[in-house]
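The next block holds one structure in the form of structure tokens; read it before the comments.
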């Protein structure tokens, strides 16, 4: 009995040792020569493999970073500046500071602004609804509300608001990987500069219809009146195809455009409430309203 | 004018009206003849075992969906009901109720819900439960009550061996097959067809199961491919063996009518979820089950091999689906 | 044993409510909207100006390129605007709006109903007349007909197949024109045969139109080269590849056109339009539209001018029923639901189907139980359950491998699914994306 046990143990050990030797030899023979820095860089990356950098997974970025001399165009949106500094240090290079970005949803067509005109009864997918027809509202540019962006987000950073049925970005979680931007069939979501103290001003609409049609479909639509562009002291606003766009690299967050927009399509976020200006603004609003109505009427 | 609230969806705009329920309850209806036969042969035991199994399966499905997976329970879609009935059909009619409950827990909990519920499981849940019980409670699971009708009671029924077990024992001890089949202890082919023999409660009545098969074919719930390919394989395989050595191997008819072959081929192997999708794949799957069953029956340690054969082929289903494509247009 | 295609197919309830209703001529509306893109290919270029006076049959927009079609005014009156108009799907599309004044036709059109039999001898003359008349596939595909009649070099047509199948439930427009314009259709078929230089034509008709089969068989007795082929009732028999298989037992290879097996398929409606264009000089300015539905008061078949608002056609059938929940342009299997019922009747509008509340909404999707009914129903031998999954995960290479581009979008899979899964919705999406991927690879 005891010899049996001993023989078993010995033979198992022998098999183990022989296999280990074979494995070692094979590993040596077929070893792939690789730049060891790739592993180091990969270790510094978050490891989410989200593809937000434009490379296939974190290792793809690491390889590109090691190969690249200048580090141009190499940015891990998830890790941000901190990670990039570490990588640059590890590779002994300089890295240009790149402003952090965030996904911005450019549609404000909740039920009150944009009445529903039909009921969509197909598969719950924005891409399918978009390819089928105008959507359950009269606006052919706005959010469809099926949540393709929510499904696409690998960081759980975007959710549908149950009341407005519009997507809401969680500023803490969003790493600007751009997955939602690619998923949205109507190109509503844009990556924009996060801005100082997270303050941003942007046009919350992508409707390219003529003013009258856009306004009819949605109360909060950009009608392309161009007031904001005239108002902007920095030339950051352009109006093209009946749609205003604020270039975030030129915008200085003065917020003048926000007050002149007749439909409230320009949004400001994370600014402190305007206490002192309220009175002045009201006065402005009173004078502004009749003008704008006239303007939109004439456009109709 | 744009009309208010017209419904919009991609085509098609009509539906055949077919539902999961129609298919599942169709299978249940097809099981009724076999159930009637088992009640006639095994009496009260058959009813108690079936009821316990069904109630336990529904209960576990409900509890797991409601409290573990936090889904809306869908216990009335008929799938848990079928699992319950099939589990009961695969055990002896004198099995103690607590063993059945354990079987139901394994069938629903491990066999079905751990994979994600209806449509996601790899293995036939009822067979997972059955095989678990067979391995855990070998004595209770292989003590077959004799077919006595209502004369026999639930627990203390008189027991005997199934024809398959008899044959296996006899061949082991050196008797020839023809001796066994002509001996008085053998029930005869007619009784085997009608189900008047020892065995699991649902598997005995071959004729009743065939009626169920015909019904399911008529209602287009299943196609003929899987059962027929199993039958054909078993006939060909055992036929060859029988011709080679009639003393060691029983004839194809005996194999067709004995054990769980009919029940397995018609109701268990054709389970939608765990069988291949294309007709070609179904035939490969059926042939595989047929060969494995005969191999286990004749060369293996167990007298019966249907459940193992189906479970093994279940594991091959994804592979078959990957490589067996339906006949394409041109 | 009646002929049919080999694999897959379903048999939805036929519901041909308007099968016995004669074609009624719809009065000319007050205003017509004529979209510039009524066909597959480039939208036509307008050749009239706002304020111009036009007559019925006058060219108002010219084909823009090879795959495109001319568009003619269907009424006489003044051009109100050439601007974007909301189409049936609610999207803005360019269209010409005409205010109707009287009903004056251009003099070239022969408006008598006397059948003409003397067909022109030259192939070029026929093709020119068809192209000038702006004829497109009338079955709903709206592919410009003259393009389809010009086979790519190296291919030779052997047989002309005329699609009188009308496999879509509810629709009866083709059935009615077969019955009422049988003689004209046969002349149209002969013209088409001349255009592609074939000696044989087969008219495929499903066996639920026994009167039409009998009528045509009687008419075609004089013309032995035209064969009437009754077919078993089975959807999607009207699919080009299915019809070719059913009638001449040849299978069009994956990714190939019917001409690869020597067949050219045309709809009966197209044959009629070709007759009118070649023999009567009449461009495609009106068509027969079926208005039907279980709640519709007077389901019927109406001869309407292109551009008539759909709401007016519905009015002619007894008005929009109160319980209408869905309005579909085309049949229930492949038609498109519309949001805007003031959009116009177009060249490809074969029917308007009103579905009531009880039958309109889809049931919620449930788990796939892998019953393989979709696989059995697919007439192309694909695996819809798998294609849907692959499409959901956007695995385009796998989709291509699984032949998603062969899908004819007939909807048999979604129709048959016991779990109410929107199989075709996702497959269509996957097909579109895979197609885009393949195209970008070629560039």
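For clarity, chains are labelled A, B and C in written order, and residue numbers in each chain start from 1.
To be clear about the criterion, a contact is a pair of C-beta atoms (placed from the backbone, for glycine too) under 8 Å apart; a residue touches a chain by one contact, two chains touch by 3 or more.
Fair warning: this is a prediction, and the values are worked out from it, not measured in the lab.
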Chain pair, B-C or A-B, that carries the greater number of C-beta contacts: B-C
Chain centroid nearest the full-protein CA centroid: C
Distance from the mean Cα position of chain C to that of chain A, given in whole angstrom: 42
Mean-CA-position distance for chain C and chain B (Å): 49
Inter-centroid spacing, chain B versus chain A (mean Cα positions, whole Å): 53
Residues of chain B engaged with two or more neighbouring chains: 2-3, 6-10
Of all residues in chain C, the ones touching two or more other chains: 90, 336-339, 360-362, 422, 425, 428
Set of chain A residues in contact with two or more other chains: 117-118, 121-123, 128, 132-133, 138
Residues of chain B touching chain C in the complex: 1-3, 6-16, 18-20, 22-23, 74, 77, 79, 117-120, 223, 272-279, 321, 325-330
Parts of chain C lying in touch with chain A, wherever the complex brings them together: 89-92, 336-339, 360-362, 365, 422, 425-426, 428-429, 432
Contacting residues of chain B [partner chain A, same complex]: 2-10
Interfacial residue positions of chain A with respect to chain C in the complex: 117-118, 121-123, 125, 127-128, 131-135, 138, 140, 209, 213
Residues of chain C defined as touching chain B within the complex: 6-7, 10, 12-13, 86, 90, 169, 241, 245, 251-254, 311, 324-328, 330, 332-342, 353, 355, 359-363, 366-373, 375-376, 378-383, 385-386, 402-403, 406, 409, 411, 414-420, 422, 424-425, 428
